[in-house]
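Below, each structure is written out as structure tokens.
Both complexes below contain subunit A, partnered by subunit B and then by subunit C.
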Partner chain A sequence: MQRRYKSSRYPMSHNEIGECWEDLDEAALLVVVGGNRALAGELAVLFLDDIEPRMKEINIAVTEGDAVRLRAGAHALRGSAATMTAQSVAAAAEELETMGLSGLLDGVQRALEKLNAAIAILRPRLVALTGAP
Partner chain B sequence: MKILVAEDDAVTRKILAVTLERLGWDVVTAKDGEAAWQVFATLKGKDAPELAVLDWMMPGLEGIEICRRLRATPGFELMYVILLTSRGDKQDLSEGLAAGANDYITKPFDPVELEARVRVGVRMVNLQRSLAARVAELEEALGEIRALQGLLPICSYCKKVRNEANYWEQVDSYLLSHSDVKITHGICPNCLEKMMKELDAAPV
Partner chain C sequence: MATVLVVDDDRVVSHLVTSLLREQGHKVLTAYDAVQGLMQAKRTPPVDAIVLDINMPGGSGEDTLKKIKMSTRTSNIPVIILSGSIDSQGQERVRMLGADAVLSKPLVPEELFAALTKAL
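Moving on, here comes the complex of A and B:
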């Protein structure tokens, strides 16, 4: 389920119909981890470690036009991002997953760029959450 | 109670494990379906998980396939399984439940919902455990009743009975070893009269 926010103190990602998702809903994440900020930091580390292999998988799938592989790779990233409350990444990954599921890869490059952009915005926020300098 | 969490995504696996441990359950984790199946194959008795939270889509062995295997494997038919899925489609859910899942949770999960659904599962597991114990008690009792219902050879004179080992034994010892009855010894009026006569007739 995608939650839509009208305002936030953080920058948001927008899709073409004007819906916007928060890049990282820290308040929601803290609810999920029972208020344990250290645990949220640990999760951020795990997520950051996973981004590279998952993006590599998605990039290979896009390059080779492999819809099944794209669906699996995007699905994995979407699940992980949704759990982290990283909604813009989850939404961009879902778009790629839907393309993989349908087998229709028209516009896949644009969707991939959108995902890369969402990750670029998310990454510093996750690094801040880990407490790393 | 031990709970198995099988999830290939490290973030979700960590949150699930920490949340369930915080609620007081003993958690064992598996990073994919094959590792989950190994847990079932190696952990036995008290160490075995009685409830499993399985991700639907995992590389190798998917949660739904583990479900099918569990239902077809003696000793695991009653395992309480919660499928974890990001799918919300009714057709998918019906497929998961038909494969033997008891319940499902959609990702991203709400910790309150997770707790509620796991608690339902724990109640079911405890209920099944208690029912299994009662059935075992009843079967044992039924076995004893059958033993007393069989043909029992008894001596027409001394009233000893012949047991399964072909030994003649007193009726009271036979009943003690073949049923839950407790015996208290006394003297019936006829025997008492006979005994008194014998005592009177005995030389002083």
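Moving on, here comes the complex of A and C:
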């Protein structure tokens, strides 16, 4: 079951990609952090720190065809991404999580490419949010 | 103001919840897995409430909730469940296990504050 990040809890604002998911909904993120921009930056730092180990886990799972590991890794990334209101990453991670849950890994490479593309778009926006040069 | 234990393996969510609760004046303890969480839950003096992720690796939040509610030392502590993906059956199940509230991720601060106020 696909979760509708786009419309379920927060309004859309701008910068849609792919399947009309937003890469980062900053207005929604400000709601999540109670209007505290510094906290949003702190969360972005943590999210960026965790991206590499999370993607490593997902890549290993895909390479080894390990559905259980894929489900767990993709679930972890989806949760963080949803909290960051990074909808396109959350949606791409959910697609991989669903594959892992079902054990049906047909098309997993394409789903992984979609996730990598979404992360590539998200990363600079999160870096900007951290205030780092 | 209350002492709240936050049990979540996700550092982003844990930092978010911790920061929001501290801004409200609460004292917050954190645990990043079920084992740590159960240890912290049994501390003396006891915490006033627990915010618990239902889906953690190496021991589900449901198991943790069961253990909290089965122990005489912790059974009276209100538990607020956080979940990124829980259906209505799952919500009913954790409520039957003793959860006081079930909140969806991404978190809405007002929902967290309201659930905590109601639970305390």
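Please note the rule applied: the second predicted complex is superposed on the first by the 114 of 133 C-alpha atoms of A that agree within 3 Å, B and C clash if a C-alpha of one lies under 4 Å from a C-alpha of the other, contacts with A are read in each partner's own complex, and residues count from 1 in each chain.
In this section, a residue touches a chain if its C-beta (ideal position, glycine included) is under 8 Å from a C-beta of that chain, and two chains touch if they have at least 3 such contacts.
All values reported here derive from a predicted model rather than from experimental measurement.
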Quick one: on subunit A, after the overlay, do subunit B and subunit C clash, or do they fit? Just give me the call.
clash
Touched partner set for A:76, first subunit B, second subunit C, both or neither:
both
Can A:105 be said to touch subunit B (first), subunit C (second), both, or neither?
neither
Identify the partner contact of A:85: answer first if only subunit B is touched, second if only subunit C is, both if each is, neither if none is.
both
For A:50 in the superposed arrangement: first (subunit B), second (subunit C), both or neither?
both
In the overlay, answer first, second, both or neither for which of subunit B and subunit C A:30 touches.
neither
Looking at A:39 after the superposition, I want to know if it touches subunit B, subunit C, both of them or none. Which is it: first, second, both, neither?
both
Determine where on subunit A the residues touched by subunit B overlap those touched by subunit C, and list them.
31-34, 36, 39, 42-43, 46-47, 49-50, 72, 75-76, 78-80, 82-85
Note: in the complex, subunit C contacts subunit A through residues 9-13, 15-16, 19-20, 23, 55, 57, 84-85, 104-109
Going by the contact rule set out above, which residues of subunit A touch subunit B in the complex?
31-34, 36, 39, 42-43, 46-47, 49-50, 72, 75-76, 78-80, 82-85
Note: in the complex, subunit A contacts subunit C through residues 3, 9-10, 28, 31-34, 36, 39, 42-43, 46-47, 49-50, 72, 75-76, 78-80, 82-85
The residues of subunit B that touch subunit A in their complex are 8-12, 14-15, 18-19, 22, 57, 59, 86, 107-109, 111
